[in-house]
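Encoded as structure tokens, here's the structure I'll be asking about.
Going by the order they are written in, the chains are A, B, C, D, E and F; count residues from 1 in each one.
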Amino acid sequence: MPETNIEKFKKGREALNEIVLRYGGRNIKRFFTIDTQVYQEGAIPKKYKELLGLVSSLVLRCDDCIKYHIIQCKGEGVNDNELEEALAIGLVVGGSITIPHLRRALQAWDELKDIE
Amino acid sequence: MPETNIEKFKKGREALNEIVLRYGGRNIKRFFTIDTQVYQEGAIPKKYKELLGLVSSLVLRCDDCIKYHIIQCKGEGVNDNELEEALAIGLVVGGSITIPHLRRALQAWDELKDIE
Amino acid sequence: MPETNIEKFKKGREALNEIVLRYGGRNIKRFFTIDTQVYQEGAIPKKYKELLGLVSSLVLRCDDCIKYHIIQCKGEGVNDNELEEALAIGLVVGGSITIPHLRRALQAWDELKDIE
Amino acid sequence: MPETNIEKFKKGREALNEIVLRYGGRNIKRFFTIDTQVYQEGAIPKKYKELLGLVSSLVLRCDDCIKYHIIQCKGEGVNDNELEEALAIGLVVGGSITIPHLRRALQAWDELKDIE
Amino acid sequence: MPETNIEKFKKGREALNEIVLRYGGRNIKRFFTIDTQVYQEGAIPKKYKELLGLVSSLVLRCDDCIKYHIIQCKGEGVNDNELEEALAIGLVVGGSITIPHLRRALQAWDELKDIE
Amino acid sequence: MPETNIEKFKKGREALNEIVLRYGGRNIKRFFTIDTQVYQEGAIPKKYKELLGLVSSLVLRCDDCIKYHIIQCKGEGVNDNELEEALAIGLVVGGSITIPHLRRALQAWDELKDIE
């Protein structure tokens, strides 16, 4: 079975993270730790934290970050309606300049369905 | 009783919205309608939609938008822990450049407590 | 005759728009409608509206949006001098960080000439 | 007659520009020259260049830049409809995060009418 | 002797930092620690780290962050020429949209001289 | 010997710069001149100017600009520790949204070592 785009994305991300950890000192490593911690289950359920990460990434227009949170959202059981409502907020807040990223967000979401 | 900062903020906002509606044509008015619609109760509860609006506003660093969503979050029953966790995500995603806005977000949150 | 980059861009955009419309609810669809309306002929001629869209896209640094408006500008009869002057404003407002996008904007403009 | 907000804005801007020129070296001075040049009458009429500056400033959310171009637009004879259409493009491209700036843009525009 | 703008800025900052620490949990506190650590003397001298913070703040257009690093730069012995060269890089990278912030940066720098 | 990514990047950049110069008028050309001038040796050594360019590019999240300054930093003798400390400042200022660019920055830095 050929490798999916999602699998390629994950592998590429891991390979580059290795380079970051090789060069990164204490501050960069600590930052990565906090970056993991803030999305853990807490007063806000993990599912909504991933949606917060997704919408932040959409309004700041970072495709890699969007794709990562799309995958996480799927894993946390976000459904189509929830995703659509979150992306609609991002689109309104961030404007039409986010549309190319919105397209790729939904493309990744759609690919995740085929993998199921 | 003297007017609070929050009350001043609301009045100033309304006064300026009147100017926008006076000059705004069909497209601007439609945009304002959608901007209200996306935060309505739906598959995602209104509370989390306001948090999505808040964190988006924090990473994009808009004080007025942050203050508006802080007030809305209070109205939707967001508690201290939920607010802190949402702001922590915004801080990590958006970086130290968001800190002055984070300070003012928590200042507004604190003022809302005195009003209660 | 092989497919040009411009044709590939248009097809890819259409394919992804279909995915957006499949998942998108009422708010996202309304947003897309307004996004079309604001560029229609009005008090400001369509040609200048496309230049407004182009320069906004340049200062916000969105390659897809730039390419789309470059194609629209060509269709509205924008000439080399007008394009250069508009891009110069975008470059000055947005700074050297826009240069990679300016390069790709002019590359797309150049490709459109070969198609004529 | 008391000083208007617009007059205060202009004086404050001039006072600070003097400080910039006192400290600024050759590169900063050259940048300021280009910044003036790009808005001169050319293949694109000055009026539309000011609208390009205005919309760029709106999507990048800089109140001082917006106010400056609002004043320039008035001077170039931009009318209410043209202004509204340009701002609508900025609002759609830049999203609801631009609304506080849109409000202040129209407030400044409104103040300019009282001065007439 | 009346309080200077710089002193007011420092006091206001401290007062708000107290609010942040009152509400902030472990992740926010850790972030503040890293934010202090990255500017410490190291392979890059502290002086240049403050200039890195200053130019980053200029291109991202955050007045509070700019003012903070301007004060730090003064404390690290940055001279007029060094400051001007660093700001010129920020101006070119970030474009004319940074000019209002550049003005306020130099105004703060100028005020620091009067305090000496 | 096959062409490296770095060589491809340089060639692509030159090819597109030719297109810019073909269409670019006086203002665009002057801008390019200033863009070269601000990084010249001065009160701030060239090495630190390149680091200022790099960190600005990281917080503004422009991969092409980052890659360009990474190459320049290597040429100016920046070592691993200096690079890491500069990137850590960029990461903290700009937040986790810069991580995908940080990864690619270090990937380019790593490739430059293989070329040596």
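What we mean here is this: a contact is a pair of C-beta atoms (placed from the backbone, for glycine too) under 8 Å apart; a residue touches a chain by one contact, two chains touch by 3 or more.
Computed from a prediction, not measured in an experiment: that's the story for all the values here.
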item	value
Chain C to chain D, fewest steps along touching chains	1
More contacts between chains, B-C or B-D	B-D
Chain whose mean Cα position lies farthest from chain A	D
Residue-number overlap at the chain A/chain F interface, same or different (half cut)	different
Distance between chain centroids, defined by C-alpha means - chain A, chain D (Å)	37
Centroid spacing, where centroids are CA-atom means, of chain E and chain F in whole angstrom	24
Chain B and chain E, separation of their C-alpha mean positions in angstrom	27
Multi-chain contact sites of chain E, meaning residues that touch two or more partners	27, 31, 34-35, 38, 56-57, 59-60, 65, 81, 84-85, 88, 91-94, 96-97
Graph class of chain-chain contacts, one of line, ring, star, complete, other	complete
Parts of chain F lying in touch with chain A, wherever the complex brings them together	61, 80-81, 83-85, 87-88, 91-92, 96-97, 99-100, 102-104, 106-107, 109-110
List of chain D residues in touch with chain F within their complex	26-27, 30-31, 33-34, 37-38
Chain F contact footprint on chain E (complex, rising order)	34-35, 38-39, 42-44, 48-49, 51-53, 55-57, 59-60, 65, 79, 81-82, 84-86, 88-90, 92-94
Chain B-facing residues of chain E, complex	13, 16-17, 19-20, 22-25, 27-28, 31, 35, 56-57, 60, 62, 64-65
Footprint of chain A on chain D - complex, ascending	59, 91-98
